[in-house]
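Below are two complexes that have subunit A in common, paired first with subunit B and then with subunit C.
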Partner chain A sequence: MSSPSAPTPAPPPPAAPGSEPIVVTNLSKWFGDVVAVSDISFTVWPGVTALLGPNGAGKSTALRMIAGLTPPSQGTVSVLGANPRRDTAVRGRIGLVSQEEHLFQEQRALDFVTLAGQLNHLSDAEGAARKVLATVELDPDDKRPIASYSKGMRQRVKLAQALVHEPDVLLADEPLTGLDPRQRLHMIKLIQDLGANGVCVVVSSHVLDEVERLGSRVLVIAQGRMAAQGDFHGIRALMDDRPHRIRVRASDARELGAQLLAHAGVRGVSVSATDELEVNTDDVELFRTRIASVAKAANVRLLEVQPLDDDLESVFRYLVGR
Partner chain B sequence: MTTQTEAEIFDRGYRRYDGERSGVGTAMRSVWLNSIQRALGLRRKFRFKIVPIVTILLAYIPALAFLGIAVILPSELVGETVDYAGYYGLISISTLLLTAFVGPELLSTDRRTGMFGLYMASPLTRTHYLTAKASALATVLFLVTLMPLLFLLLGYTFVGLGPEGFSNTMILLGRIIAGGLILSSFMTLLGMAAATLTNRQAFASAGIVMTLIASSVLANVMFEVAEVDDAVLLADLGNLPNDAIQRLFKTSEIIDVPSWQSLGALGGVLALLALIVIWGYQRMEVTK
Partner chain C sequence: MDVLMMMRRIIRSVATRGRLIAMSLVGLIGILIGVAINRSDPGSDFVPAEFLDGFGLIIFVPLVALVISTATIGDMLEERNLVYYWLRPIGRWKITLAAWLGAIVVLLPLVLIPMGVLGAIIGTGDDVAGILVGSLIGIVAYSAVFTMLGAFTQRALVVGLVYILLWEGVIAGFSRTAGWFALRTYTRSALANVADVALLDQPPQTTSIVLVTIAVALAAGLITTWRLNTMDVD
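Coming up: the complex of A and B.
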C-alpha cells in the first residue's frame, strides 16, 4: 500500500472487456437551456480515478447520473454492467459521498451510518457502522449530534455512510473538502487503499494538489465537456501544441542555451541568471536524450534539469483554458 | 512464550462485505422507523417534540374527561349511548395540526437537505420510499385518529359502560379501526401531496390548512348563496372523511347525499392526492 506522499501507484491493468465497472457513453444533461454535461464518454476501471474540473464544470451532475439519481438527457451509463437508474440491486453496490452538508444533522453519526447500512440491506448494520466509523477515525459511541461536528468530521461521516455496505464502486463528490491536513492524509490513504483493493473509486475535485496525491488517472471536465482523460503525464505528452517548459541550471547558462538551440530541437531559450535558463521545446524526448551530450560538448556542467509544466496544475490550466 | 507456529499476520486490508444481507422490506422498515422518530421529535432537541406532544395530548383530553366522568359519576351515564362517532369532530384540530407539521417534515425536509438523494442512491425505489413515508405518517396519525378512541373503548369497557357482548364490542372495534384508517389515509395523502409540491416546509403546512379551509368556505358559500344541490358540499374536503366515518358508525351523515356519492367523492379525492404524490415524485430530479 502506498503512502500519500509516495509516488502515485500504477493503475491496475484493465479488466476483460465487458467487466468495466463504469462505462459512460455520449452522456449529456441539460436543465432547460443550461447544458450541464455535454456528450461525454469515458470508461473507469478499478482503482482511483479523479474527476477534475473547475467549479460548475458538471462534475457533480456527472456523478449523480452515474449513481442513477438523475436521468441523462441523452446517452447511457452502465455501472457494473447494469443501468443504475433501473437496477436497484446495482445501486446497493455503489457508495455515494454527496456534497450536501445538512444530512440528518440532529442524528448521531452511529445512527446515521446505521441507517445507511440498513438501506443497503445489511443485516448487522450497526456492527458495520461501528467498524466503518472507526475506519474514518470517528468515535462510534459519540453521543453528540452530527450538527455539532466540525466540517471535517461531517465529511468523514458522509464517507462512512458511503462505505458502510462496502461497495464495489465509490463515487465521492469533493470528499476532502474541510479536512485538516492530517485528516486529509488519512483520507487519501484510505481512498488509495480502496482503489488498490479493487474498488472503483471516482473522486471529484477542483483541488489539484489533492488529485495529484490520489492518483495519476484523471478525467478532466471543463464547461460540461470532456477535456481529456488518462494519465496526466500522458495527457501532457499528447499536448503537441504546447511547448514544454524546462528549467536548466548549469555552470554557463548562456553557452548551453546557444548549443541547445542548435542541436537539441529547442524552440526558444530564456536566460534568467548566469547559471539558469528556461527552455521551450516541442520535442521533450529529443531534448532529454541530447542535453547531456550537448552540455558535455560545450564543456558546461549540468546542475539541474526540471520540467516546469509537467505537473497536473499545468496540464489542467492548459486544458481548462483552451 | 510465543512460538513460531502461533504467530499470525492478519490481513487488515479492504474486504468486501460477505455477511448476510436483508431484503428491501428491512430497508423500508428503517425509513419508516426513522421517519416516525423524526416526526415525533425522538432523539431530537426538545423544541422538536413540542408540537407532536401538544397535538397528541389534545386528542386524548376529551377521552380522559369522558372517562373521568364515567369513573366519578357513573350513574349519570347509565343508559346513555356513547357517541364514538362524535369523537372524530373533537380530534379534528389535532389531526389537522399534526398533519400540517409532520407531512412536510417527512418529505420536504428530505429533499431540502439532500437526504432524498441518499435514499435514492440506495437500492430503494421511489415507490418503496413513498410507501415507507406514507406508512410512517399514517402511523403517527393513528396516535390521534385511532388510539384515543381505542383508549375510550377500553376505558368504558373497564368501567362497565362498553358495548353489550363480545360481538358488539368487535363490531365497534372494527368501526373504530376503519374510521382511523379512513381519516389517517385522507390526511396522510393530503399532507404528502402538499409536501410534494414544495420544498418549503412552512408553505406546505400552510397549504394543507388553507386547502381545507378554502374548500369548506367555497362549498358552503356555493351551497348557501347559489342554493345548489347538497352534492356541492362534497367539495368540502375536510368533511369528506368525517361523512364517511359517520356513515360507517351508522349515525346521521354530514352531507345529505347517497352513500355511493359520498364514498365515491372520497375515493376520487384520495386517488387525486395519490396521483399528485406519485406524479410529483416520478418527475422529480435529484439535484442534491
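Coming up: the complex of A and C.
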C-alpha cells in the first residue's frame, strides 16, 4: 500500500553500511485484539525524522518499542546495533522525552536532571545538568519543586533529562505539546541543531505544521500502518495531489457549478441547495486561483468556500486507503 | 553509587508526611494500649511478650512494612515515572536493591522506635531484645516481599492485606506446614527465642530464621528484578 507509491525517501546523510542508528523491521504490536502497530519497517539515519500521524495512530507505541519500553509482538528493533530492551550499554546512548506528565515531582529540576546525569555515569553530572537546563531556558537555581512547574516547563525538564548525557539517539514523543509559541520556536531550533550535529532525532507529532517546521524526513503512520515515508515536501505533495472536496456557498449554486466544471479543473459538482454546492477537484491549487474570477464572470456572489477534508485525519485516511 | 542515589530519591518519595504520621500514630496507639493493659491490673497474668507478639509482630510490623514497601516501586508505576530509572544504563537489579534498601531505611526508625519503647515500658530487657530482633527480621523479609508485590500490581496494598490477614492470620494457623510459608512464623520465633517465652510450638532455631529471611529477601529480589526486566514501562 505505501512503499511502492510513496515518495522517494530523502537521501540520508553519509553513513557506513550497517551503521544506521535505528532499524525497524516488520514491527507489530498488539494488545489483546487491538492492533496498535502493524508490520512497519523503516530505517532512521542521523538528522531529524518525524513520526507523523493522528492521535491513536500507533506513533507512541512505535516510539516505546524503539526505546525498548515495551517488547514488539512481532518483528525487531535495532538501536545503534543493539536491542534497546536488553542491552544495558545502549540505553546510555538513548534519550527519551516521554509523553507522560509525571517526573519526580518533589525534586527540583536541577536535582532531577543531575540524577539523570549521575545514572548515566557522567563525571560532572551537576555541571552537565546546569548546562542543559540553561539550553532549554530553565533556571538551574530555581528552588521550586517540579510539581509546581507549568506544563511547558515540565516539557523542557523532560527534554533536559533526555539530553544531559548527549545521547546519539533522541526519541521525543510530542515534545512541543504545552509549549508557548516562543518556546515552540526555541524547541524546534534545538531539535534542528541536534539533527544537524549528527544526533538521530525521532520526533512524533500529529501536527503537520510542526513537522513542516522541523524540516524533517517524515514517516506517516495511520491506523498502526506505515502510510508513507519520505521527505516532507514529497509527503506534502502527495497529500495535495489527492482529490479534494470543497463546499461552496454562493448566490446561484447551479450557475457557479456549471462554470466551475468548464473552467476550474473541477471533476464533479453536486448541488445540495440553491445556494450550496460540493465540488470535487484533483487540482486544488488551480481551483483556488480560479474560483473568484469564475464566480465574477458568471455574476455569482461567493458566500463561503470551505474545504471538507483538509484535516489531518482525512489526509491520513486517504494515504492509508490508497 | 547508582543504588545510593536512587535509594535517596526513593526514601524522599516514599516517606511522605502523611504516611509517617499515620504509621507513627498506629505505633503510638499500640504503646498506649499496652501501657493501659499493663497498668490496669498489675496482679493479672499479663505477659508482655504476648502483647508484643500480638500487636507488634502480627499487626504493626507487617502493616507498616506493607504501606512503605509497596510504595517504593508501586508509586513509580502508578505515577508512570519508573522510566527515569529504567532507561538508564544500569542493571535493573540496582533498582530493586535501591527500592528494598530505601524501604528498610524508612522502616527501621518507624518500627524499631515504637517497638523498643513499648517493650521497655511493659516488658523486661529480654522482651525488648526479642521484639527488636523479631521486628528486624520482619522489616528485612516483609519489605522484600512487599517491594516485589508493588512491582506486580497497583493493588499491592489490598493484595498485601489479604496475605497478612488471610494467609498469615488464618490459613497459616491451620497446619504446621502452612506455617512455614508465613513470615510471621519467623518473626514470632525470633521473639520467642530471644525473650525465652513460649509463643508457638517448636519455633525454628535462630540460624534457620536468619537463613529463611535471607532466602526470602533474595528470592523476592530476583523476582522483582525479573519483573522489571520483562514489564512494559510507561
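We take it that the second predicted complex is superposed on the first by the 221 of 322 C-alpha atoms of A that agree within 3 Å, B and C clash if a C-alpha of one lies under 4 Å from a C-alpha of the other, contacts with A are read in each partner's own complex, and residues count from 1 in each chain.
Methods note: a contact is a pair of C-beta atoms (placed from the backbone, for glycine too) under 8 Å apart; a residue touches a chain by one contact, two chains touch by 3 or more.
Please read these numbers as outputs of a predicted model, since none were measured by experiment.
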Three-chain arrangement built on subunit A, subunit B and subunit C clash or fit: clash
First (subunit B), second (subunit C), both or neither touched by A:Ser28: neither
Contacts of A:Asp168 with subunit B and subunit C, given as first, second, both or neither: first
Which partner, subunit B or subunit C, touches more subunit A residues: B
Which superposed partner A:Phe104 touches (first subunit B, second subunit C, both, neither): both
Partner chain in contact with A:Asn197 - subunit B first, subunit C second, else both or neither: first
Partner chain(s) touched by A:Leu122 [first = subunit B, second = subunit C, both, neither]: first
Partner chain in contact with A:Gln155 - subunit B first, subunit C second, else both or neither: neither
Touching both subunit B and subunit C, residues of subunit A: 67-71, 88-89, 91-92, 94, 96, 98, 100, 102-107, 115-116, 118-121, 161
In the complex, subunit A residues that touch subunit C: 67-71, 88-92, 94, 96, 98, 100-107, 112, 115-116, 118-121, 161
Residue ranges of subunit A touching subunit B (in the complex, touch as defined): 1, 31, 64, 67-71, 88-89, 91-92, 94, 96, 98, 100, 102-108, 111, 115-116, 118-125, 128, 161, 165-166, 168, 193-194, 196-197, 199
Subunit A contact footprint on subunit C (complex, rising order): 1-2, 5-6, 9, 12-13, 79-81, 83-91, 232-234
Residues of subunit B touching subunit A in the complex: 13-17, 19-24, 26-27, 29-31, 34, 43-45, 48, 112-115, 117-125, 285-288
